[in-house]
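Pasting the structures in now, so scroll down.
Shared between the two complexes below is chain A, which has chain B as its partner in the first and chain C in the second.
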Partner chain A sequence: MLDGRLALLTPEGIRLSLTPAGPVRRAFAWTIDFVLWLIAVIVIAIAIRFAMGDSNLGEGLFLVVLFLSYWGYPILCEVYAGGKTLGKRWMGLEVVREDGLPVGWRESSLRNLLLVADFLPMMYATGLLCMLFDHRFRRLGDLVAGTLVIYSPKTRARKAAQSGEAHPLPFPLTPEQQRALIDLVERAEHLPPSRCLELADLAEPLTGLRGEASLARLRAYVAGLTR
Partner chain B sequence: MKQALFEAQHEALWQRVATLLADKQPSNETQLPALYRQLCQSMALARQRGYSPLLTEHLHGLVLAMHRKLYGTPLERPMTLRRWLGVEFPRRVRQEWRLVLLVCLAFWGVAAAVGLLVWFQPHWAYSWMDWQELTRYESMYSPSKEHIGRDGSDDDVMMFGFYIWNNVSICFRTFAGGLFGGIPALFSLVFNGMHFGVIAAWLSRDPAVAEVFWSFVITHASFEITGLLLSGVAGLRLGLTLIRPGRLSRRHALISASRHIFPVLVGAALLTALAAFFEGFWSASSLIPPTTKFIVGGICWALVIGFFVFAGRGQHEA
Partner chain C sequence: MRLDRLQLDLRPRSHSQALDLGVALLRQSYFTCYATWLALWLPLNLLCGLLAWQYQDWAFFFLVIPWWLRPLLERVIVLVLSRAVFGQQLSWWQALRAWPKELGGGWFRVLTWWRLFMPGRGLYQPIWQLEQARGRFAADRRRVLGRDGAGPAAYWFGIACVHFEAVLQIGLISLIGLFTAPPDAMNPLWMLFDQEIAQSQPVFLMSLACYAIAVGIMAPIYTACCFTLYLNRRAELEAWDIEIILRRLAQERQGSKSLKLPTVGHTLAVLLAVMLILPQAVQAAPQCEPPEDKKVEADLIARQRTPAQSTEQQAIRAELDKVYAHDDLRGYRCVQTWTAKNKTPKEPEKEDKDEEDKGKRSEKVPDWASDLTKAILILGAIALVAWLLYRYRDRIVGAFQQAETRKLPGEVAGMDIRPESLPDDIPTAVRKLWAEGQQRNALGLLYRATLSRLVHQYALALTQGATEGDCVKLAQQAHQQGELPADTLALTQDITRIWLAAAYAQQWPSDAALDSSCSRWQQTFGGAA
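Up next, the complex of A and B:
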């Protein structure tokens, strides 16, 4: 299938699909992280100023905090918070190893230290170029550390099977066609009504009806398929 | 089988898996692998029979989370850091002895060459630095100062913070720069070596200043310069792997090289952080007589060199 998903074959013979995230989304996540870091650093600077006055001790403390937060924040977040810094959490991204498992200290440290290499010569040009050429949107740091940034898998709530009266299909459908039909009915409530009716109209060869009646008939088919 | 019947049959399994996943504690559930295989089977069936996308998606989410829980549990490796630092770190540095030689040449060789030039032909110093900078350095190391090596009356803790922030960051940048064929890392080492050579030779010309300067640098330089050089080694290793990956693809060669060199990077960063302690709290004090500083500095150098020559020998590879 031609889509952005990446299939991982597990020892159990199951195909897991992950969706690698592209440069724009990741740039947003980086910007959020950067702004949050900046705010935190300014707040800490003001707090130290208030607590200790204009002392050299405070300045030294501030530089140590600056060091730890600058290099440590992404690594700690990725190791202890499931591969997500705050920006990534907001954007629905996470860092995983190439086999889909959570990252450890080594992977996270390497990819975050090599962010410096991705930055060169300016504004993350190397990282962007690398992402554009790699089919999984990995920047240099990701390539070296063997990691991947993916969309966090979202789980939609499972619904009970279609209730209502069942109606047999007028002629057999292939499994893919049946699946498309079920998908349509399950998604119907998230679609605008006019779009729903338009799609129902397209199904006229199957239902022999148009508009609301066709949609109701499709629901009945699906009830018959699932129950 | 219709979907509703299938769901009814497997509901109990899915519920159990969901509660297992919701439990954040590391579970001692011995049934985990068996449960996981049952779950995989139910997903495979659901997919193959073309059940509704909502159902298969839901199952996919469960399987993915279970996969991570089952296979993603980190191995228990007691004392990893200690083993890394005590055994792997010196051992891997010895393995890279050619690169160590190269970075030593890039730093010490350049420093010595430039230093000798400035020693015999002092006017050459001006081609690297202007006179304001040179006089500033001279005043920083003048014997009458309370705190050596600093501009004003800066506090120990402040300078410690500054050294941590500045020097360890330089270490990390040198490492990252190594990825581009090693050129930026080498450049960073040569640049630092040149700077050190000029200053050292310039300040050594006045005996009073020379004693203060050398007693200042000798202790922390043992850790700081070693840290810088080793982070350069780590970066160069990555860069050379990119140029000559051997029998692996470039990506796989980079991954295995980075795994191999990672303890060296951690060790280099820790050495640099240690140097910041010495530089902030020991080297700058004018209360400690220079003789003591020279003795302690000599011991530190002996320790560092001895560590890389002898540590970690005779132990089996993990």
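Up next, the complex of A and C:
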């Protein structure tokens, strides 16, 4: 079964799932970061020019700021802001280690320094190819540092419990099956009515009914499950 | 449509995650996809390249043709993937034969204004191709599928893919540029910036070839990702995931045993396959010569062995050898590493610095300010390095220390042999314990003290895991090498014998024997520590 997720098992036996993010999403995050950096650098350049004029000190200071901001911005963001630069935050991505732990100085500096290798021969062509061929969308820097870029986990908001009279299940269901029933009732309003009835007919072994009656019975089951 | 055969794990996921899933789907049947796609795409490009070469006035027109026809060619990828996603693998030849039948529907739209302004076309191609929808119905379907952000997601995905194609194309051109550049060129894209060379025919065709390769790589990825977005969207709209679970529930209720048999067969098949593959995998590990000292050791063991007394013993020995030859026990590892080839030192080129513009600076900030800042920055860098060295001093010092001095064991055979754990006058303490009736403690102390002296006085290399026998053997070796006097060895052997008999067989020595041992100990090792 193809599923974009990676499953990790912690020593406590808890299953964590991470979803590695593909090149397109990451490219947008990179673009946002780059534009923000460019704007910041231009503003700083104008400020320095304004304050110091055309002097050696101004030029040197600008070069130092250029260097520190280019290399420092992603590293500082990743270490202190939960693995997210501003672009990644906007795109809902974050950098973690391969075992799901947050990145530290070592991983973050390695993966960002290796941007140089990913850039070769021009415009991150190597990094792009590497991401497309790796099954976890890692570029060279990620491979060396042992990191992953994943979608920030989001908790899906459950809707309020179903109102109405509850009805006990005729026989026990697995958690997966219970979740499917809840999903069905929650998504019913977005489904075409004919499709809803079709699904209700499919649930005949469970409800013993067909059509509208079956759907109403399913609602009653779910009211019991979500109470 | 048999949803139970679907190879995707259906669950509600975001559009970008659904798009990413396409790469995984493509990976599953990458050979067929790329083979069919390239079988159409590369010949078309070759043909157009040749025509452009022949009729140079029309070159631009011929170069647009592959770009223009691409949406129709992409349908062959959708064809392969739509079968693969339900577990049916087409061969590339079958797919090519079936391709012309897939061209109907939507081709006018796709080849005219959509070609320019609709990078998200991949999401909608399956509507014509797989659902066979036409006209107004197709438009309705497009509207439904594109709702809830799916349409914009496909649109932006398409725009990103166009840029990726450009990245790959420029990357390829600059890779060629890097290796063909004149020595003083700085720009790997020098070919495109030189007006004369850029317009020459070979460079023109080379960039076409790079375009063909870049799109050759990206188009299946684009199509597959849009296709999984389409599938995800339909699964969401039609609740496929719920249908699969309900169907499975119905099947379970019917109590069909036929469901379970195939799984057992499947597991067996997998097990068999694993067993067949495993030996080869083990053999595939790198083989290498054992290091010199291991060879000597193996030689020694072989020479010390008496000839086998029976075939049974021979068999056991063979088995033992096999066990010891295993990677975990043989004491060395085979590792493949890179080693440097012969290096030729290169003379650093001198850089000429033009100092001309120094005079032109305005005097708003004096020159000494920049020198001061420079000094501060350099001092800061030195301070940072110093701080890092100080911060990690334990690790750095520790790394050197461990290499130089061997740590003396504090414990041998479960006994504490540090000198500070022993009383000053050993024989007196032993005699006292013996007189008090604590025979075991007395003998234990005597033996402990002996080992301690061997380690600390004669620097015998006892290890923590050494047994009493090992200690005697080491003492013998030290004697043979002239590091241990004969009487010390004899005393060690005697005390070990007495200790072993007492500790493991409860046979206590006579008072006289103990007394003589104590006096000999006094003579050999001296009373005080």
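In this section, the second predicted complex is superposed on the first by the 174 of 227 C-alpha atoms of A that agree within 3 Å, B and C clash if a C-alpha of one lies under 4 Å from a C-alpha of the other, contacts with A are read in each partner's own complex, and residues count from 1 in each chain.
Going forward, contacts are C-beta pairs under 8 Å (C-beta built on N, C-alpha and C of every residue); 3 or more make two chains touch, one makes a residue touch a chain.
Not measured: the values here are computed from a predicted model.
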| item | value |
| --- | --- |
| Touched partner set for A:Glu12, first chain B, second chain C, both or neither | first |
| First, second, both or neither for A:Phe67, with chain B first and chain C second | first |
| Chain B versus chain C as contact partner of A:Glu176, first or second or both or neither | both |
| Which of chain B and chain C A:Leu57 touches, first, second, both or neither | both |
| Chain B versus chain C as contact partner of A:Thr226, first or second or both or neither | first |
| Touching partner for A:Ile44 - first (chain B), second (chain C), both, neither | neither |
| Which superposed partner A:Leu140 touches (first chain B, second chain C, both, neither) | first |
| Contacts of A:Ala216 with chain B and chain C, given as first, second, both or neither | neither |
| Residues on chain A lying within both footprints (that of chain B and that of chain C) | 55-57, 60-61, 64, 156, 176, 183 |
| Complex contacts: residues of chain A adjacent to chain B | 10, 12-14, 16-17, 55-57, 59-64, 66-67, 70-71, 99-102, 104, 106, 109-110, 113-117, 120, 140, 143-146, 153-159, 161, 175-176, 178-179, 182-183, 186, 225-227 |
| Touch list for chain B against partner chain A, complex | 2-4, 7, 36-37, 40, 43-44, 49-55, 57-58, 60-65, 67-68, 71-72, 74, 154-162, 164-165, 168-169, 172-173, 175-177, 179-180, 184, 238, 251, 254-255, 258-259, 262, 265-266, 280 |
| Touch list for chain C against partner chain A, complex | 7-9, 11-14, 16-17, 19-21, 23-25, 27-28, 156-157, 160-161, 163-164, 167-168, 170-175, 178, 188-189, 217, 221, 225, 237-239, 241-243, 245-247, 249-250, 253-254, 358, 361-362, 364-365, 367, 369-370, 373-374, 377 |
| Chain A residues within the chain C interface of the complex | 1-4, 19-25, 27-28, 52-58, 60-61, 64, 121-126, 128-129, 132, 135, 137, 151, 156, 173, 176-177, 180, 183-184, 187, 190-191, 195, 199, 202-206 |
